[in-house]
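Next come the structures, one after another.
Each of the two complexes below includes chain A, the first together with chain B, the second together with chain C.
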Partner chain A sequence: MPDGGRRRAEAGHGLSAVTTPERPGRPSLARRLRGPQDRTLWFWVFVGPFVLGLLVFVYVPIAWSIYLSFFDAYNTVTPSRFVGLGNYVDMLRDPAFRSSLLTFIVFAAFIVPTTFVLSLGAALLVARTRVMRAFFRSVFFMPVACSYVVAALIWKMSIFSGVRFGLVNTVLGWLGRDSIPFLSVTHPPWYWLVLVTVRLWLQVGFYMILFLAALQRISPTLYEAAAIDGAQGFQVFRHITLPQLRPASTAVILLLLINAFQAFDEFFNILSTFGGYPPYARPPLVYLYYTALGSGQDFGHGSAGAVILTLLIAIVALVQGRLTGIGRAAD
Partner chain B sequence: MAIVRSPTQRAWSVARYAGLGVASALFLIPFYLLVRNAFMSDTDLTAPDWYWLPPHWQWSNVTGVFDDPAVPMARALANSVAISVVQTIGVLVLSGLAGYGLARIPYRWSNAVFYTITATLLIPAAVTFVPSFVLVSTLGWISTLRGLIIPGLFQALATFLFRQFFLSFPKEIEEAAFLDGLGYWGTFWRIVVPNSGGFVAAIGTITFIGSWNAFLWPLVIGRDPSSWTVQIALSTYLTAQRVDLAQLFMAALIAILPLLLMFLFLQRWIVEGVERTGIAGD
Partner chain C sequence: MSDLASTRIDRRRVLLGIGGTALASATLAACGGNTGRQSSSTTTGGEGKPAIAQWYHQYGEAGTQQAVERYAKAYPAAKVTVTWKPGDYDQSTAASLLTNSGPDVFEYGNGPTIDMIKGNQVVDLTDLFGDARSDFNDAILKRFTYQDKIWAIPQVIDMQLLVYRKSMLDKAGVQPPETIDDLVSAAKELTGSKVKGLFLGNDGGAGLMGGPMLWSAGLDYLTDDNTFGFDDPKAAQAFTVLRTLFTSKDLLLGAPADWFDPSALTQGLTAMQFTGLWTFPDITKGLSDDFGCVPWPAMDGGAKSVPVGAYGSCVSARAKDVNASKAFAKWLWIDQTDDQLDFATAYGFHIPSRKSLLSKAKTLQSGPAKDAAQYAVDNGHAQTPLLWTPKCQTAFTDMMTKIVKDGADPEKQIAACQTVADAELKRVTA
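The block that comes next holds the complex of A and B.
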C-alpha cells in the first residue's frame, strides 16, 4: 500500500510529489487543479510554523551552545572571556566526566544485551501463542505507560527497600537469609541490580512490540521451505528467523544504546537523596545536569560537555551503521 | 498450526505457557505493590510483618495526597494535564501541517527544508537540555507553563512520520477534492485529516505518554513549586527527608491512573505508534 501510493505520487497526476521536477507539457487538468493556488505561499503556510519553531528552539540553542563552549560562562549566557578549546580540554581531563562515560559503558554492557534477549524472547513466545495472546502482550507492554519516576519509587521504596519490609528482603527472610541493604551500599553490584531491572521492566515491552512487528513481516513461505528441507526448532530460528530479523535487531541495538546514553530519570530518582546525588554511578547526563545547572551554573563547561556527548552519540550511530552496512553487503 | 499434536509439541506448549505465566507474574508485581502500598497505612507498610493485602484499607490516603502543604499535588496534576493536552494537540497540528506540506505541495526548496528538519533527528533531545535551558532562561520563561510547553512542540520525528504517512495517502481522493475547488487548506482539513484518524491517534497517544512522563525538561524548567508537573512533585516527595510512604504510593497511583486508563482503551493505537516511531530508528 505505501509503495503503491508513492509510485502514484511519482507519476505526478495533478499534485506532483516533492521530488518530481516540473514539466511544462502537463495535461490541462493538472493546471486547472493548481488553479489560483500560489504553491510557494501554501507550502510556507503549512511548513512555516514548524520550521520557524525548529529554528528558534532547536537550531538557535545548539549554535548558542557551541558558541558558549568556547567561553568562560559562569552564571551568564553573554560571556566575554574567550578560552578557545579550554573547556573541552578541562572536560576531557576531568576524572568525574571520564568516570561518567565509564558508568555509561558499564550500564550499557548490562542493559543492552539483557533487554535485547528478553524482548526478543518475549516476542517469540507471544508470537507462537494463540490462547491469551492479547493478555500476555498487554502485560509485557503495560509498563511502557509507566513513568521512570513512578517505577523508581516502586523499586527504591518497595521492591529493593533496604529494610525488612522490602519485597526482596521479605522473600530472603522467608528463605532464612539476611537482609541486603541494596541502595545504602556505595559500591557495586547491588545498585546496578536495581538500576538495570527497573529499566528492563519499563522498556522490554516496547522492544517486544518492535520484534513482534518484524516477526510478522517474515514471509511464511520461508518457514514452509525450511520445513520441507527438514529444518526443526532451533535450526529454523538460527537460519530463518534470526537473519530475517537483522534490520530490526540493528535498529533495536542502536535505540538501546542511544537511550542508555541518555539515562537520567531512574539514576536521579533512585540514587539521589535529600542530601544530593552520591559521587558514584553518575551517567553523563546526570554529570552534565549538575555541572551546568547546579549551583555553579557553569554554561561553558556544560556546553562543551553537551557537544562532546553529541559527537560521541553520532560516532556510535555512524560506526554501527557502517558495521551493519558491511554485514549486509556480505550477505 | 498442526491439528494433531505430537507429545513433544505438547510439552513445548506447556513449557511456553509456564514461562509466559511466570514472566507475566513478575511483570505484574510492581503494579500490585503500587496498589497495595497506596491503600496501606504507614505503620502497616513499614511493619516487619508482610501483608498480601492492606489489613486496614486507608481510603483517607486519597484525600491526604491533596492536603499535604509541602507538595502541591492538585496543582501538579493540573499542570501535567495542561502541558500534555496542549503539547499533544500542538504537535499533531504543527507536525501534521508540516508533514502534509512536505509530502504534497511542490516547492523548489522542499527537499532542503526536509533535510533541515531531519538533521535534528541525529541530535538526541536530552543532550540539548543545556542549550535549551540557556535560551528559555534568556526569554524569561523559567517556571512558566510557556517554558514547559513551547520548546517541546517542534518534534522532527513526528513531522517525518506524518510526511511518510501522507505520501502513502490515496491521491485520487485529494484530486477529487481539488476539482471541487477545496484548495490545499480545505483538502487537508476536510478530506485528509478525517481519513487519517488511526495514524493521528497513534502519534497522539505516543506524544501524550511522552509528555505526561517527561522528567528532565520539567526538572530543569520547573524551578518553582507552582510550575511542578506530577513527575516532579513525586520526585521531590521521593527524595524528601521524611515521607509518609503510603501517601507517596497513593500519589504515584493517581499519577499513572490517567495513562493506565488510556492504555486500556487506546492500546491498539499505542502499539501502532510504537511500531511507527520505533521503525524510524532504522
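The block that comes next holds the complex of A and C.
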C-alpha cells in the first residue's frame, strides 16, 4: 500500500486534511471508490467480511433451501426433477406435520405471554430492590449461561426422573404420594410441566435483562410528574411504565415467538428416545429432523417444511402485532 | 449469552440443513486434507499401489481404533488410510457421499440405506462373497440384500434380548418366560414395593418393542414381496399387550438410565429387562452369574425373536478405484477371519458375523453369552427391513406411542401407519 502513510496522516489530522485545497478536475476512479477520507474503503474493510459471511452462510443457504423445496431432492442437493408445489402439498397434507404446527401455535400462545409476564415481573422486582442488587440480577441471569442440553438432562434425569429417588418424586414420597413417571405417561400430560419449567428457567433471566435495561432508560421526571398529578401504584405502571417499555416489549415478544416455533434442543433431549421422538409435544423442526433432514436426506420435503414454518412465524408475528398494537410506529 | 447464540445457530443449522450440507460439502472439497484421501491429483499411494480411504464411526471401546489401523496397515495390495470419525457419523457420511471427497470404503449402520442404493451411491458387492455367503448370519445378510444383490459386508453383530435376574425369579417361583402370557404374569409376580417386574425402556417399549411384538405374532414390518406386513388383527392384539403392560404398574418407567444401560437391572429396580448384548460385561460385573437371558417370547402363531443389527462395510460408487476398494473390503471382512474375530471379541462384546467363528470366540463359550450367540442365529430378525425408511419408522413410532401411552385404537393407528408406509414403498420401489 503505497499511500498507507498518507492515509494514516489523514486519519490523525482530519482537520488539516479538510483545509487542504481540492485538486482541480475530476478525482480518479480509485479515489472516488475509496470515498472521502477513504471512508468507503474502510467501511468495506470492516463490514465486508461480515457481509460475506452472512451471504455465504445465511442467505445462500436460505435461497438454496427455497430452491430445493420445489424439487424432488432425495440424497442430493443438486436435484433435477422439478415438482412445483408438490412438496408443499405433501407437507400440508401430512397430519403429523400439521399436528406439530398446531401444537406449537398453542405452545407459543402459552409460553410467550408467560415468559413475558414473568421476566417483566422479575425486572420490576430487581429494579426496585435496594439491597444486594448485583446478587439478585446475577441469580436470575445465571441460568442463561447454562446449556440447553445440560439443563434438559438435569430436568430429565434428576429433577423429574420417574423413579422413587427423583427429586420431585422424593418430595411426593414425603407427602405420602406414589411416584409419577413424568416423562413416560401422557394422561395427564406431565411432560409439559417438565418442558415448560425448563424453558422458563432458561429464558426468563435473559428477557429480564432486556426489560431491566429498558426500565432504567425511563426518565425519572415522568414518575415525578405522575406523582404530582396524584397517580399511584398500578396507575403509574399502567400509564407510564408499560407505554415507555413499548420498544423493548416489541423486541421481547418477537424473539419469544421465534424461539417458541424454533424449539428443538430441550424438547429433543428430554423426549427423544432410542426408538425416535413421540408424536406429542413434537416441535416442527424435530419432525423435519426425523423424517427429512436427518438420516432421511429428503431435502425437498424438508425445505418445504422449513419454508412453511418460516411463513407461519412471519404470519403469527404480524397478527400479534396487529392485535396488541405492540410494534406500531411510536406516536 | 454466547450459549444462547450458539443454540440459536444450531437450530438454524437444522432449519437450513439443506444449504448447510451443500456448503459443508464444498468446504470439505476445498480442504481435502482430513478426508483420508491423498491429494486429489494423485490416486496412488506410492510404489504404484492404489490409495484407499476407509471410514469408521467412533467406537466407544478402547483399542478399537488401533485395531482397525493395524488391519489396514497389514493389507499388502493398497495403501489404506483409516479415518476415525467422531460425532454424527451417519449424517456426515451420507452428506460426503454426495461429493468427491467422501470415503472409498466405509461402514454404515445396518448397511447402506435404500436411498443410497437407489441413488447409485454404493456398489454391488455380491460377487465378493462366493462360498462364504452361507456362512454369514442370515437375518443380517437379508437386511443387506436388495433385488438379489448384496450391498454391504457384515462386520460384527449386535443384538437385543430379554435379560433376567435368576435370584429374583427363583424367589418368586417364576420360570423364564416362554410365551407372552408367561411374560405378562411373570411381570406381575415379580413386582414388589421397590422393584418392578419388567423394563422395556422409559417409554414403556413404545420405541423398542414394536418389531419384537410383530414377530411374536408371526408378522413382520413388510411381507417378502415388500408390501405392508401387519394390516392384521393379530398385530392389533400384539400391540394391545404392550398397552396392558403399560397400565399394569408392573413396568418400570422413568428410570435414570434407559434400556440400553444395565443399571436398572444391576441396581435392583427391575427383575427383567430388554436390553443389548453389549451390557453383558457390566451385568457380570454387577451381578456376577446371577442373570440369564431368553429371546422375546412368542404368541400363538408366532415365534420367539431377537433383533439383530450390524455395521456393514460398503464401497462408494465414487471411490477413486472401485475394484481396489472392493478387493480390500473382501480381504478384510470376508477373508481375514482372525481379524474379524479380534474385532468382534477383543474390544467390545459383540458376535462375529460369520457363523463358523462362533465356536472360536472365547467370550461366547459359556453362560448367558453362549445362549445369546445361538439366539442370534436361530431367532434373529434385522431391526427393521431395508425398505423401512426413516419416514416409515417415524410413522411406526407415532403409532406405537399412541397405542401404548394413549390407549388409542390399534386398528385405526395401524391404518394411519399404512398410509405413510404405502406411499414410501411406492416411492422407493418406483
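In this text, the second predicted complex is superposed on the first by the 264 of 331 C-alpha atoms of A that agree within 3 Å, B and C clash if a C-alpha of one lies under 4 Å from a C-alpha of the other, contacts with A are read in each partner's own complex, and residues count from 1 in each chain.
FYI, a residue touches a chain if its C-beta (ideal position, glycine included) is under 8 Å from a C-beta of that chain, and two chains touch if they have at least 3 such contacts.
None of the values given here were measured: they were computed from a predicted structure.
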item	value
First, second, both or neither for A:Leu85, with chain B first and chain C second	neither
More chain A residues in contact [chain B versus chain C]	B
Contacts of A:Asp298 with chain B and chain C, given as first, second, both or neither	second
Chain B versus chain C as contact partner of A:Trp201, first or second or both or neither	first
Touching partner for A:Ala145 - first (chain B), second (chain C), both, neither	both
Contacts of A:Gly162 with chain B and chain C, given as first, second, both or neither	second
Partner chain in contact with A:Val47 - chain B first, chain C second, else both or neither	first
First (chain B), second (chain C), both or neither touched by A:Ala213	first
First, second, both or neither for A:Ile313, with chain B first and chain C second	first
Touching partner for A:Ala122 - first (chain B), second (chain C), both, neither	first
Residues of chain A that lie at the interface with chain B and also at the interface with chain C	56-58, 60-62, 64-65, 68, 77, 144-148, 157-158, 163-164, 206, 262, 264-265, 273-274, 285, 288-289, 292-293, 299, 302-303, 306, 309-310
In the complex with chain A, residue positions of chain B that touch it	16-17, 19-20, 23-24, 27-31, 33-34, 37, 45-48, 50, 94-95, 97-98, 100-108, 110-111, 113-114, 116-117, 120, 122-124, 126-135, 137-138, 150-151, 153-154, 156, 159, 164, 167-171, 174-175, 178-179, 181, 183-185, 188, 209, 212-213, 215-216, 219-220, 231, 234-235, 238-241, 245, 248-249, 252, 255-256, 259-260, 262-263, 267, 270-271, 274-275, 278-279, 281-282
Of all residues in chain A, those that touch chain B in their complex	1-2, 4-6, 8-9, 13-20, 22, 32-33, 35, 37, 39-40, 42-43, 45-47, 49-51, 53-54, 56-62, 64-65, 68, 77, 122, 125-126, 128-129, 135-136, 138-159, 163-165, 167, 170, 201, 206-207, 209-210, 213, 247-248, 250-252, 254-255, 258, 261-262, 264-265, 268-269, 272-274, 285, 288-289, 292-293, 299, 302-303, 305-306, 309-310, 313-314, 317
Contacting residues of chain C [partner chain A, same complex]	1, 3-4, 7-8, 10-12, 14-23, 25, 90-91, 94-95, 97-98, 113, 115-116, 118-119, 121, 194, 201-204, 206-208, 210, 252-256, 258-260, 269, 389-391, 393-395, 397-398, 400-402, 405-406, 416
Chain A residues within the chain C interface of the complex	56-58, 60-65, 68, 73-77, 95-96, 144-148, 157-158, 161-164, 166, 179, 181-187, 206, 262, 264-265, 273-280, 285, 287-299, 302-303, 306, 309-310
